[in-house]
Structures are given as structure tokens and as C-alpha cells.
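Next up: some structures, all given as C-alpha cells.
Next come two complexes built around chain A: one with chain B, the other with chain C.
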Partner chain A sequence: MPTLGNTQLKLLEKLCNAMAVSGDEGEVRTIVLDEIKGVVDDVKVDALGNVLAVKKGRSAGCLRVMLSAHMDEVGFMLVAEDGDGIFRFEMVGGMDVRQLVGKPVWVGKGHLPGVIGARPIHLTTPEERKKTIPLDALRIDIGPGAKAKLGDRAVFATRFQHNGPSLVAKALDNRLGVTTLIEMLKNAPTNIELLAAFTVQEENGLRGAKVAAHAFDPDLAIAMDSTPANDLPAWGGEENVAYNTILGLGPAIYVADSSTFSDPRLVRHFLAVSEAEKIPCQLRQPGGGGTDAGAIHKGRAGIPSLSVSVPHRYSHTAASIARLDDWRHTYNLVHAALSRITPNLLAGER
Partner chain B sequence: MPELLPFLKDLLSAPGLSGYENPVASIIEARWKPLVHELSRSNVGSLHGLRQGRAPAPRPSIMIATHMDAIGLMVTGVIDGFLRVTSVGGVDARVLPGQLVTVYATGGTEPKSLSAVIAQPPARLLPPGLGDGPVPMEYLLVDTGLPARKVTDLVRTGDIVSYASTPVELAGEVICGHTLDNRSSVAALTICLEELQTRQHAWDVWAVATVQEETGLTGGYTSAYQLHPSLAIVVDVTFAKGPGASDWQTSPMGKGPTLCMGPNIHPALYEGIKQVADRLEIPYGLEYAPRHTGTDAFAAQVVAEGIPSMVLGIPLRYMHTPVELVAIKDIQRAGRLMAEFIAGLAPDYMDKIVWDK
Partner chain C sequence: MKQLIQKLTETFSPSGYESAIREVIRAEIEPLADEIRVDALGNLIARKGTISSTGRRIMLAAHMDEIGLIATHIEETGFIRFAGIGGIRPLALTGGRVRFVSGVPGVIGTDRLPDLATAPTLEQCYIDVGATSRKDCPVKIGEVCGFERPFLDMGKRLVAKSMDDRIACAVMIEALRDLKHTPHELYFVFTTQEEVGVRGATTSAFGIDPEIGLAVDVTGTGDTPRGSKMEVALGKGPAVKVKDSGMLADPRIVQWMERTAEKAKIPCQREILEGGSTDARAIQLTRGGVPAGCLSIPSRYIHTPSEMVDYDDVLQSVRLLTALVSNPVKL
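And now, the complex of A and B:
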């Protein structure tokens, strides 16, 4: 079975360093289209900007399986200018305003360098330092005379690093999934028809996935995403019982999140394949969060869906950390599970 | 003359936290070596370079002091492979979550630089009430992404942690970096020394890169004592106008260095430098420090029997964050202004430094 090596790491690096704030996914879309050109049987860009690609199966009557991975990332939009290259901005996607202060950013198509600064500590009072700096006090500063315009998007200017067993980057959520899906198309299992949706605006309400699911009308769907690993020590030596996922334990299989109950047949199938193939995986703690599956499973008359995510720490911040091995196991597990899908999979009861 | 920008970027990329200045000191040493007649390190690690003047000995001397140390963090403990940290110098904990840092690990067989990220733990892992507002520094964690056992092997309590952001040029000849406070002043002093290569000057010039300014002006006191100059000019960064900073304490970025006045400053020295700037039409701003200038001049002024002191400021935005900004022109102007002032110092200048005319 092909697995993820240096070529795929290079592709992940390129994708992580690209900018694709929800609604402005062009840079990632271009990379995706270039990568899958000549590999797929059909590809189109739909009305919202999703890349919808088809890799046909070899057997008649094979299941039509949708795999989705969102291309977009959280970020910023310039919304007002103070002059001298200083801009007010809004957040796009779920971000913690406490994570923005003191960061370098890239602005616009040209990746113009800029910063989000803060008042010098010398000019603050102890009382002030107990309060979060609100968004309306923050600015993106790109230097006097810089050419940016209102509506331009911005992202944290973090360059991808491969650091020992770990990957450190912005937008690992969800360039991990995008790279996995590109590789899956290049090594598509032939027992299914693979319907690949590189979606837009997941971080803005799963909008791309909704129309992609409608267009594909699949028999079942797998959302490939990235999920937080809150596996840090709890204060005071207490046991951390709210870790969501743990780095190093393999791909996270969803039973339930805030928007979807995974189809139990798909959960059972993935767990069985994990055991049979000795590919590690973990069950994500049921609870909050969500993926494209939230929109997909309600598509048309209902689509049996599952989410599989690569765990990563510090989601939606300037620098997330994932483990290379977790990503490899994710690819291997999804590939193995797809390869073992037969039309019988959905014949049984939920 | 070698270019300024690559040197400045080297300075900005080097560690050199207060008390641990060696990495940056050696970069400065290499650049200053051909520019001075003598070069040495003080008892506490400050760098002293001497350019001899042409007046007959004993000559008066002027010290230009720029601190080379930087703020940062220090490891206080290791827990489950994560590091806890405290600050070295003034660090607002609100700028820390999500920062890329470098841990200078000394626990292994040889010192090692580890890339890491500062983590703000989720609310559920913090004591009640701490989840919403800024998370105090003692609750933050530093994550190297390495397995826990490896971290325990490599990192020791007391290891230093610096910001890892690399210098970047913004539009409008503005540079961004995390140690522009005060490496931009070191660069200005270097420009001054380079200018003096082609100028005659009567006075001895002590070019000094001090240590531990951020933690207690240690270099400011000790270098002023050891060198005992007739006059002292301290170059340090000052608050530039910009987002979050607009009151009377701020000066525009890119409109020249500031000349500071107040109880820390000898008024005749202030006037002397101002006259040079006016004569040569070097743009400058005026800065008022009604009490403590917050610089090495606070130390130098009261060393031994007292040293007439002056502070030049380089306006800097977002001080003590990893994204400090400075206009490169302001660095060049500060360097040139000092060189012009020094070249104009007559052997009897000290007679003119009088309080009441």
C-alpha cells in the first residue's frame, strides 16, 4: 500500500504555507487542481468554488463514496483603514482573540508581510493586563505605503516546520485532510467510485460541503478533517479527562460531535479495519466541534456519514502541532477501509 | 563599508537574553573589530570598544552605550514533557499564546536549540475563573512537540527561551524583529563607528554594548564606572506612535531619532546635540522624560562623581512584543548624528558643559 513520504510532506508544506481564508480559497484550489490533473476521470469547480473530482470504480454497482476535505482556513479580513498602512480587521472562522496579539501576518494575494502589534507593556497598567485586548483595539500594520486594500484576507505568517516527530504549521486544519485526499485520488481504491470534494467555507458554516453533497449524491461520505488534541497537563496535577484526542494515538474516529451522529455501520467498519490491519486509531471524545459531515449527512434524503480526523494541538492559532505518524496512520486507515468497502456495508442495520 | 541590513538581521536573529548575551556579543565583536583600536569584555560581559582620539593625552572621552540584551523567558520546570516558564525582563503574558519560541536546552550531552510553541491551555484544564481572560504566565506551557522523555532529558530548569520570529522587511523601509529593542541602537552605534573611520575626532570614543539593561541596568552602571567617560550618550528605543500608543510619550516612526530631556539629561549636552542636528538638518523628535528615562543613562548619570548624560531614542512600535517595528532611516540618522557630534567635540568641550549660563 502506498504511504505518505517526502513527496507528500513537501506538498503538505506548500499547502500549509498557502493562504485560503474561507471565501478566498483560490491559492489552495490552484494547487489542488494542478496536483489531480490527469489523475481523475472528471473534475470541475462548482458555483461556490469547491473542487469536485471523480475517480471511477472498476466494478459495476460499486458504492459511490464521497470523501471531503475542506480547503479553507481561519484568518482575517481587512475592513477599515486608519492610514499609513494600518488596518482594522475582522476574524473569519472561530478564533480566540487572545491568540492574535504580537503575531506576524501575510496580507493579500502577494503575501505582504505585516504584524498585529500591542501596546508596549511599559504603557499598560497591572489592571489593564488582567483584561483581554479586544479585537477593536488590534490592528494589522503593513508599513507605510504598502499596497493592500479593504477586503484583502490575512493569515498568520507561520512557515511550515518538520520538527522531529512533529509537524508545526498554521492551517494544519485542514491541509492535512487536503493532502490526504489528493493522495487518495492518486492511489484510489478501485472497488468504489471515489467522489472527492475539496470544499470551501467549512470554517464559515460548512457551506461548501452542503452543495458538494447535493451535487455528488453519494451512497456514503467520509469527512477528512483535523481535530483538536487537548492533551495537555491539567493544572494542579488533576487527571485531564477532557482531552478530545491525544497526539500519537492515531486517527480520530468520530462517534458523535455537535452536529452529527456518525453512521454506526461506518464506525464499526473503520474500527474493524483498524484492528485487522493493525493500524492504530482512537475514538474522539464525543462532544463539541464538527466537520463537513454536519452538512453532508443531512444532504438530499440523508447520507450515511463518518468523520476521520488527524489530531493536532492548538487548533486555529498561529502554530498547530501534529504528529507525522498520526497523519500516516490516517491515510493508511482510510485507504484500507475504503479498499474493503463492498455494497453490503450499508445493507445491514444502523 | 559592509551593508547595514544583513548585520541588523544577524543581530535580530541572535539570542542574547539578559544575562546570556554571548551569542549577540560575538556578532557585534566581529563587526566592531576593524572599527576600533581596542576591544574587550567587562567583568559582567559588556563589550567595550575604544577608538582613540587625536588630542594629546590625557584626552576626554565619550561613551556611547547601547544595551545588547533582550527580554525573553526562562524555564521554571518540566511537566509531562511541557515546560513552564517565567519572564526575563518585562513581558506582557498576553502576547505569549501561540508564539513560536526557541528553547536553548542545556540538559543533554551538548547544548541544543529546540523549536517550540507557547500553549494556552483550554479553560477546562485551568483553575476555575482563569479560562476567559488573559491566562497568567505561570499557567502557560511551552510545547517542543517532542516526546515527554526526550524533553526531560534535554531541558533543564533555568534554560532560556527566546522568541523565534525571523526579521522581516515591511513596506516603507520598516524592519520587524523581536529584539529591535535594542539591537537597532547597536546598529546605530555601528553606523557611528563606521562614519568615524573617515572623520577626525579629538576625543576618545568608547563604543559600548551593555548587558542586563532589561533586568536592572547592570551594564549601564558597571561600564560607566570602569570606563569613567567625561560624557555619556545612551541610545535606546523609545515608544513610536501607532496602534495602542498615541499619547505624549510617543514619537512618530520614521521622522528621526528623539532627543530626550529631563532630570536624567544634562541640559548643555542636550543643547549641544540639538545644535548639531539643526545645523546638519538631521530630522529629530523631542522626547520628555519627567522622571526616569528607563535607560542605561539612569545608571550612568550617577556613577562615580556623576557623568553628564544624554539619551537618544529610536522610535519603535509594539515594544517588548515579538513584532517590534523600526524605520531603518531612524537608525541611520541616529548613527550619523552621533558621529557628527563626536567629530565636532573640541578638546575643551567639557568647559562648556555648564548648568547655568
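And now, the complex of A and C:
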């Protein structure tokens, strides 16, 4: 089984540096289509912009397995111009307005440099500095004469870096998943029919996955995503009881989040393969959040689903951090689990 | 029927982990149904009858899952932190007992609270299963539990955990037992994952593609001291849902239910529920849309370990449900 090396790192870098705010995923889609060209048996772009690719199995009756990874990322949309290249904007997807102030951004197809400006310390009072600056007081400033239009998207201007054991970038959520899925197609297990969905609009409500699942109508589905790690030591030496995931412990297997109860048969299978193949993994703390699986498992008459995520710190901010080894283990585990999957897995009742 | 209610309410099956209750219900309906299947989300689907010239394909849904808790972290000292499954009220947790699906019992404690007058948050609660360390704790992250509380027969009133919605499962089972003949193709569906967003009903309704949908579920009441402003009361018969916060019942379904009750001399009351919804919400929005409504069993103290219903309401609900599906339906 080929593992992730420099080629895949280069691809991840390219994908992380690309812009694909929900609803405007063209830049990433182009890279995906280019990568999987000639590798898959069938590929199309559906009405919402999902890339749906099929890699057939070696036998006709094999399980049809949907793998999804969302191409979109959280970001901004310009909504009004105040003049002089100063724009009001809205957030797209779940973001914390406290994270925005003072960050450089890229705007539109040309990745025009801009900044989310704020009054400097010289001109603010101590009282003002205690308060969060509300979104409607923030602007993206790209300077006069710059060619941007209302509706253009913007993202944090963070270039990918490989830093020792770590990956530092914007949009690791979910270019990690997208890169994994591309590699999975290139090295597809032959015991299954692989139905790859590079989905759109996950960050604003799992919209692409919903129609992709309906179209594929698979026997089972795995959503490959990225999930926050809140694993820094708790303040005051107390036990950290709400870490979600921990960097370095491998892929995060979901039992439950607020959108899905993973199919217990799939959870058991992945844990068994992890143990047999000695690939580390961790259980994500059950709780909030959601992935494409939230839409997929409710598709048609129901689709057994599981989510597997790469943990990363500082999700949905300008720069998040993941461990290269966690990503490698994620790819290896999903590949090994799929290679060992048989129709028997779903023969018993959930 | 009280024995059946006891058996159903004393089974532990929080949302997503309904296999135990599914086996209990399957054993009851196996001799009664024409065909039984389980779908990908674990819904138990029993068909009764084949469609005649005056019949319709009708889906009846009662959810078999219950609210519960799921372990999120085992502390070094063996205490279990958890998240809720469904609408958990911290006020009803303290001092309560739970039982994990694996059989392990536990009690719920809280951190030292700064102020005893306010309810704890979920984050301030933990489960104590008698472990002394993470190592000897018999529960792992991701395991789920339900509330432990024995069934209580007060004669006219019945009290149990998970009356929501096992009482409706009991009503469906008894209606299936009492049903002599039907012109319809009936699907008695015992759904999963209702408490976390009517998920089982969403997929089972797609699979069945019904012409009419009817959920059977509990509803709140307004008959307790300084309680909610609500017309529904225990002992006044099954409630016909007009509206809740997730659905407007099809007026034709409301009319069908009320006329049937009148004809059979079954007391019933109208229900408008301000907070909450049922499987009917999912059924109504299936595919191209389905006329849907809900037969509600009035219940006090919903989502606490002591949910109370009136036994006459339960018996009348069985009669109403049986009458509804025994004859042709004109909408």
C-alpha cells in the first residue's frame, strides 16, 4: 500500500493555498479534476458542483462504498462597498468574529491581497479594547482601484508550511480529506466499487453531500474530514475533559456527533482493523459538530455511515496545525479498512 | 397491556442503539404481521395487509428510541463525563441512576456547585459507576446509557422512564393485535433516532413511500399546578395534533381522526404543542410530500425519568388507532 510522501504533500500544499469558500469551489475542483483524470472509470460534476467519480471494483457484485471529502472552506463574502476599495463582508460557515481583526486576506479569483483592518492601539481606549469588535464594524481593505465585486469570496492569506512533524495552513479542514480521497482513487482497493464525492457547501449545511448521496445511492459511506483538537493542557493543572481529539493519537473515529450516530458495525470494523494492522486511532469525543455523514446517512432509505477525521488545532482560524503522521495514519487506516470490507459487514442488523 | 408497557419502558435503548428494544417489540409483533424487515438505520418495519381498491398505503410511526447519555471522557479517577442524547434537562439528572447498554449501572453526581439554587450544566455533571481509576472503569468513551427507573402502576395513572415513546409502541402493538381486517397496506414502523432529529422516520418514510402518514407519540399537558398554558389534560382521551413547532398537521387528517373518534364514541381532544415535534414532521416532507398527522398520548413530566400517562387515554388510543385503519379513508 503506497503511503503519503512528498508528492502528496505538494498536492496538499497546492490545495491548501487554493481558495474554495462554500458555494465557490471552482479553484479546488479544477485541481481535483486534473488529478483524477485518467485514473477513474467515470467522473462528472453535478448541478451543485460536486465532483462525483467512480472507480469500479474487480467483481460486479461488490459493495458500493461512498467516500466523501468536502472541497469547501470557511471564509468571507464581500457584500457592500464603502468606496476606496473598502468592503463590508459576511462570514461564510462557522467562524468566530474575534479571530478576524488584523488578519491579511486574499480576495476573489485573483487572490488580491487585502486586510481586515482595525483601529490601532494608539487610537483606542482601554475600555474599547475589552470589547469584541462586531462584524458590522469590520471591513476588508484592498485599496483603491483593485478589481473586486460584491459576492467575491475572501479567505485568510495563509501560505501552507511544512514544519517538522507539523502541517501549518488555512483550510486543512478539509484539504486533508480532499488529498486523501484523491490518493484513495489513485490506489483504489479493488474489492469495492469506490464512489468518490468531492462535495461542496459542507460548511454551510452539508448541502453538496445531500444530493451526492442521493445520486450515488451507495451501500455504505465514509465521510473523511478534519476535526478540532482542543488538546492543550487545561488551565490550573486540572484534567482536560473536553479536548475533542488529541494530536498525535491518529485518525479520529466518530461514534456520535450532533448530526450522526455512526453505524456501530462500521465503528467496530475500523477499530478492529486499527488493532490488527497496528495503525493508531482515537475515538473522537461524542458531542457537537457534524460532517457530510450527517446528510449522507439520511439519504434515500438510509445509508450506514461513519466519519473519520484528521485532528487539527485552531480549526476555522487563519492557521491550523495538524501532524503529518496523523494524516498518514488516517489514509492508511481508511485504505486498510476498505480493503478488508465484505458484504458480510452489513449482513447483520445495525 | 400494563405488563407490555412495563416490559417496553424497562428496556434501555437510547437513540442510535435500539437493538434491545427492537428485539422486545419484534417478539411481540412477529405472530401478528405479514412481513417484518429492518432497514439501514435500524427501523423495525412491519407490514399488515395488502392494498385493496378502497385502500391506501399508510405509514404509522412510533419511535422506539429514548433520551440518554453518552460517555465523552473517563477521568483519571474513574468518573465519567458525558454529553446528552436528545433533550436532556440537567435539572432532572442529579441523584438519578443510569444503566449503560452494556448493563453497567451508575449514579449521577455533580461538581461542587457555586450556587445550589441554580441547576447544574451538563458539563458540571458526571456518572459514578463505582470505579476508582480510569483503568478499572468498565465504561469506555462512546458508550451510552438510559435512565434507570422502575415502572410504577398507580392504577389509573402509569409512570415510567421512556413513556416517550414506548407508550406509543405499546399502543401500536395492541392496535396491530386488535386489528381484524383492513383494506390498507399498513406499515407499523418502530422508528429509531427520533429524539435526535426524526432521523429514522426520514429514511423509513422514503423507503415506504406512503400515501398517508400518522405518528403516534406523547404530547405535553397543561393540567399541572402553574404548568404550561395548554389545553391538553390527562384522562380526556387521545389528542389529535393540529400543530407543533415542527409541523402543521394536514387538516384532512385532523378531520379523519376526529370523525372516526366521534363515530366510535372515543373521547378525544385537540392538541397544539408549542415546543417539540414528532416523526410526522419527517414523514410529511418525504419525497413529493405526504398528508400527515399525529395521534398523541397526553403525558406529564416528559423527558424526566418519571413520565406519567393515564391508562384510559392509552386504551382509548388503541381503539382510535385501530378504528382509523380498519376502514377506507377519504381525505
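We adopt the following convention: the second predicted complex is superposed on the first by the 350 of 350 C-alpha atoms of A that agree within 3 Å, B and C clash if a C-alpha of one lies under 4 Å from a C-alpha of the other, contacts with A are read in each partner's own complex, and residues count from 1 in each chain.
Throughout what follows, a contact is a pair of C-beta atoms (placed from the backbone, for glycine too) under 8 Å apart; a residue touches a chain by one contact, two chains touch by 3 or more.
Here the structure is a predicted model, which means the values were calculated and not measured.
**Q** Once the shared chain is lined up, is A:Gly287 touching chain B (first), chain C (second), both, or neither of them?
**A** A:Gly287 sits against chain C, while chain B stays out of touch.
**Q** Is it chain B or chain C that touches the larger share of residues in chain A?
**A** So, of the two partners, B touches more residues of chain A.
**Q** In the superposed arrangement, which partner chain does A:Tyr314 touch: chain B (first), chain C (second), both, or neither?
**A** A:Tyr314 sits against chain B, while chain C stays out of touch.
**Q** Could you look at A:Pro104 and tell me whether it touches chain B, chain C, both or neither (first, second, both, neither)?
**A** The first partner, chain B, only.
**Q** Based on the superposed arrangement, let me know which partner A:His297 touches: chain B (first), chain C (second), both, or neither?
**A** Only chain C is touched by A:His297; chain B is not.
**Q** So, does A:Ala242 touch the first partner chain B, the second partner chain C, both, or neither?
**A** both
**Q** Of the two partner chains, chain B (first) and chain C (second), which one does A:Lys278 touch, if any: first, second, both, or neither?
**A** neither
**Q** By the touch definition above, which chain A residues appear in both interfaces, chain B in one complex and chain C in the other?
**A** In chain A, residues 242 are touched by chain B and also by chain C.
**Q** Quick check on the complex: what are the chain C residues that touch chain A?
**A** 15-17, 19, 22, 38-43, 70-73, 75-76, 81, 83, 85, 123, 140-142, 193, 196, 199-200, 202-204, 206-207
**Q** What residues on chain A touch chain C, complex-wise?
**A** Residues of chain A touching chain C: 239, 241-243, 255-256, 258, 261, 263-264, 267, 283, 285-287, 297-304, 349-350.
**Q** Give every residue of chain B touching chain A within the complex, in rising order.
**A** For chain B paired with chain A, touching residues are 79-80, 82, 90-100, 115, 117, 119-122, 124-127, 132-135, 139, 141, 143-147, 150, 165, 168-172, 174, 176, 239, 242-245, 247, 249, 254, 294, 317-323, 325.
**Q** Touching chain B in the complex: which residues of chain A?
**A** On the chain A side, the touching residues are 82, 85-86, 96, 98-99, 101-104, 112-124, 129-133, 137-139, 141-147, 156-158, 161, 163-166, 168, 230, 232-236, 240, 242, 313-314, 317-319, 321.
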